[in-house]
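Lettered A, B, C and D in written order, each chain numbered from 1.
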Amino acid sequence: MYRWNNDYNHGAHPAILEALQRTNAQSYGGYGQDVWCETAARQIRALLETDRAQVHFLTGGTQANFTVIAAALRPYESVLCADTGHIHVHETGAVEHIGHKILALPARDGKISAGQIEAEARRFRESEIPEHITCPRLVYLSFPTEFGTLYTKAELEAIRAVCDEYGLLLFLDGARLGYGLGSPRCDLSLPDLARLTDAFTIGGTKCGALFGEAVVLLHPSLQPFFRSFIKQNGGMLAKGWLLGLQFSALLEGDLYFTITRQAVEQAMRLRDAVLEAGIPLYLDSPTNQQFVILTREQADTLERSHIFELQEALPDGRLCVRFCTSWATRDEEVETLCRDIRALR
Amino acid sequence: MYRWNNDYNHGAHPAILEALQRTNAQSYGGYGQDVWCETAARQIRALLETDRAQVHFLTGGTQANFTVIAAALRPYESVLCADTGHIHVHETGAVEHIGHKILALPARDGKISAGQIEAEARRFRESEIPEHITCPRLVYLSFPTEFGTLYTKAELEAIRAVCDEYGLLLFLDGARLGYGLGSPRCDLSLPDLARLTDAFTIGGTKCGALFGEAVVLLHPSLQPFFRSFIKQNGGMLAKGWLLGLQFSALLEGDLYFTITRQAVEQAMRLRDAVLEAGIPLYLDSPTNQQFVILTREQADTLERSHIFELQEALPDGRLCVRFCTSWATRDEEVETLCRDIRALR
Amino acid sequence: MYRWNNDYNHGAHPAILEALQRTNAQSYGGYGQDVWCETAARQIRALLETDRAQVHFLTGGTQANFTVIAAALRPYESVLCADTGHIHVHETGAVEHIGHKILALPARDGKISAGQIEAEARRFRESEIPEHITCPRLVYLSFPTEFGTLYTKAELEAIRAVCDEYGLLLFLDGARLGYGLGSPRCDLSLPDLARLTDAFTIGGTKCGALFGEAVVLLHPSLQPFFRSFIKQNGGMLAKGWLLGLQFSALLEGDLYFTITRQAVEQAMRLRDAVLEAGIPLYLDSPTNQQFVILTREQADTLERSHIFELQEALPDGRLCVRFCTSWATRDEEVETLCRDIRALR
Amino acid sequence: MYRWNNDYNHGAHPAILEALQRTNAQSYGGYGQDVWCETAARQIRALLETDRAQVHFLTGGTQANFTVIAAALRPYESVLCADTGHIHVHETGAVEHIGHKILALPARDGKISAGQIEAEARRFRESEIPEHITCPRLVYLSFPTEFGTLYTKAELEAIRAVCDEYGLLLFLDGARLGYGLGSPRCDLSLPDLARLTDAFTIGGTKCGALFGEAVVLLHPSLQPFFRSFIKQNGGMLAKGWLLGLQFSALLEGDLYFTITRQAVEQAMRLRDAVLEAGIPLYLDSPTNQQFVILTREQADTLERSHIFELQEALPDGRLCVRFCTSWATRDEEVETLCRDIRALR
């Protein structure tokens, strides 16, 4: 059986295990104040081409998301995000749990537009009873989105302009950032993200690490006491160097981008096979997640050798299913899947 | 100028001021443990025809809503309500502030259906990753709704059946309850509400009192320690007898229902005048709030003598405006408004 | 029976009921945006001799306390207060409920000192692991304290100096403010409080109103969006003018201070009678609350005609009990109590 | 330099790295639903000699503590713990952040007694105004305590009896559990803990793992939806098998207990050296943390070759410092430290 159900079903890239082995006998300072976290932060700042970024390392994505939001918002402020956004639909109400409302906007292929954000921000600004509604203050985007799609540079610049006009913070959830930057259709770079967002994450868990998300804070208002937010919200790892070490290993010599680019290429091969077989895509994803519309019979056939995820049962009885490649996907696995797809009738 | 902008712009029915005057020299126990709160609770239980109701008195509606919800939900549980529901759009995220997500369902004329509720409850029950989403546990309805509409007995029974099947609590926000029960088109009674809901409020603020909402708790799980929830959430009035006293005065001799019924009759006269004048209604409200579609010129004309609220600017340039009658509305005011509406062209 | 158990067991000063009666037929804007709230705020600013104060009116003390604290603190910040402070021992954990830790300092006669506050603030400043502990950010004082005692001007200035040095906000809970300022031993004035604190409350509920606390915000960081905090925390009264009206009536012609001064004079008469009778005081309170140590027999004797509150059973079997006078206490009541006390053996 | 500053300054026992290496190429189900978590849970239930324990794996101690507390308490309920308890003094107010008050009891050598707990529980039960105070509902103990001390079986049984009488839940924080059970002076076993507590943790981070705490839930009320609490509070690791795998490796063949017992033996050698040198201990700790009173000169001398932690500057100018051994401490390190201590003057 081959597993395509997600991109976090394997351990870590060998370079990570090697680094763990190599440093295991050393002793380090605790709680993220150690040489490896410093090194990794320095590597990240170099990639972002900016010195003003504060970098922290947390263990998971949900944790990273709500910790950033906790640090960004006052109690009466709310979050704008796509109604398909991860924080809205898959994090057990963690943002509301820490006290903030999410104003969900209807997404198109997982994305929201500058116009939608502006309309909501303007509604508050023009309200005659602002104290009866929450004040939108932070825009949450995922990149790639939950549907594998990407914001273009033009789209992100338009959103940034709205944020500037209305005093909104822009936070980009990069749990799969490598697969976004690794897409041939991506026109954004890390320095672009540093310039256009107020905070973003660089996902490790899905991109080669055992676990770990790097939180990059650009906006000065987010930086003071962020370690207090991490600790209070349970995200401070006692042996914090394990996070710095992993990121340092991944960012050494372009490894992070090499392995995620490969995964996207494999996804493109899978996509080509689907289209060749005359099977419809649910939408046009340029990254490692591919959403395919199968008949129930086709799904049954593929399930004999492959594990993949049901995204949604469509009204006409067909199924939208998701195939993920990852840094761990081997070429022969892709070849087998492509062959089995082409053989579908 | 005549004020139709809301139903809480006047003091209190004279019977209330009289009661305050009469008892002012007396001394009472504090925090809602006094003879007047007991009396009013007894009057309410008699009207509900049940002994199992616990009754508490709070000062305001937002407070009553989130206190009930705080007592009803565990942290991972969420609220189902109309996307036009008061807790979702006009309470500054108070429900999220105490930690709970609201799952907003698209409303039709301010109402949601048993079918919509069931679909959402089933989605959780059938989820393969229930720990990644919140568990819908309480249904919030407003009665009348924010658009003046009413649930029928059949609709409420259908919702009750879904709640029973899925283990949901049913909470009805009766901030304008008098205007609902006072409508000729209402087929629900107080005993029906006691039978069909797990908790509901009887609005005082908008129905003749200076302030005050009675919270009626039917479901046994909501009753223990509810006074702790009130105190913790800032809703416990030191001189609690002021609340009991007001409700007792209002419920004496059917006063509450007489004055709200009158207000609805006045609203019906206003509605007739609108229809006679060939002016469209935004929707068909059988209670004290009437939503009327005016041209900008018509609105300007009326604004010379009347104060009313803009609900929404419609895409075609016309305005949806709201006129509220209340227990304080005098017949001559309604006659003037009707005459001015008929004179519109 | 005469009631000395607290200072909120009677309705309101007649001037308040009269004002309610006089304005009952008028209509007003909602939610505290009306002519009476404006008037009362103007009266308060005049008494404070400052224009920079923002004034809001809330219904109760617990509500006022946690709403100010919610507006003042970021999530990782905490409150310093006496271990006998109202927010620590009598508000059902409301401060913790909105997410903040209280660092309780051992009180002496209900008070804490500048030195205690400084020690705690310095502990944080000098900590090598500040992210593992909360950051003290607001000092909560009650004035008078829960034991009727008063901070002197010198004490408050010393606390202010520490607050300035360590960036702490100073919040003074004046639920019984009138009884403090009305004490012959008080050397602080309202302008002093405006100069020395960042926020304080002027209690109405215990000082002649039906209900209501005025929140005075001095520090600019507390003012923006405070109405959002009020609404989100359930403290916004729909008919907000009822609060402004009451404060306006109380502050008209020195009424507030006249009636509270009288209550303190009555308390002093009671105190004299206790001392004359050779009965020990628990502590030396210069305000309307008197704490007296009675034998069980003495308490039983007094309880035949008087209602008062048990504060604490002392280890030696005697009882510390509390007698409160209030704006509603009549001279003949005090005379009776004094006579009964003098008659104790 | 030798590091004695804490017990989480080294990577992991080689058996753990080996397990990671061995399974790295495998793929597993996500979020803790995998064969390794199942295996480790089974191993733990076998050690506890009970089938009724639910076992979960979280990444850190603060996270584990507040997640259990979130699942255990209703909003008006509070936690009883020692005023030296980790949740009270070193977790950035995380318990308050999720809404609960901690009632801190004066500790003796890090411990609280059944009598103290009963007094506090009785105070609530006998209160005439229970709604004004929080309801103590959960007792938090650390074992070993923050001062390395241990509750005896008799003490824990007495606390259990109070909990039973007053309906309190008993939660034991076992971040250093191995060092407690590994002490020659410990008379408690794992089955005892399963019998006497409602929930406890088995610390991995400080006892040989890279990271990870096993949460053992005994009381049925804590078990339903606990995974929702984990996810909502950010404690659910995507590659959850990494936690199960580590615990499984540690619990294989008594490894966990062997390595922690060794560390305690080394601490005892250190303790003997201190006593031999005539240097006073701060208190009598039977586990891996030793608290020693040094003069500033002695501390300076030792700091030339050893890193240890300042616990507290004593009033007389001397220093209370902490030395920790751990699973990673080597015999020659202990020998060096002992020699250097004996050489102190």
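A few remarks follow.
Assume contacts are C-beta pairs under 8 Å (C-beta built on N, C-alpha and C of every residue); 3 or more make two chains touch, one makes a residue touch a chain.
Note that this is a predicted model, so its numbers are computed, not measured.
Seen from the Cα centre of chain B, the chain whose own Cα centre is farthest off is D. The interface with the greater number of C-beta contacts, when B-C is set against A-B, is B-C. Note: centroid distance chain B to chain C, computed from Cα atoms, is 34 Å. Averaged Cα coordinates give chain A a centre that lies 42 Å from the centre of chain B.
Among all residues of chain C, those that touch two or more other chains are 75-76, 91-93, 97-99, 129, 131-132, 134, 228, 231-232, 236.
Looking at the complex, you find that chain A touches chain C at residues 31, 70, 74-76, 98-99, 129-132, 134-135, 225, 227-232, 236. Across the complex, chain B is touched by residues 75-76, 78, 89-93, 96-102, 129, 131-134 of chain A.
Residues of chain D that touch chain A in their complex: 3, 6, 8-12, 14, 17, 20-21, 23-30, 59-63, 66-67, 91-94, 97, 205-206, 210-211, 228, 231-239, 242, 328.
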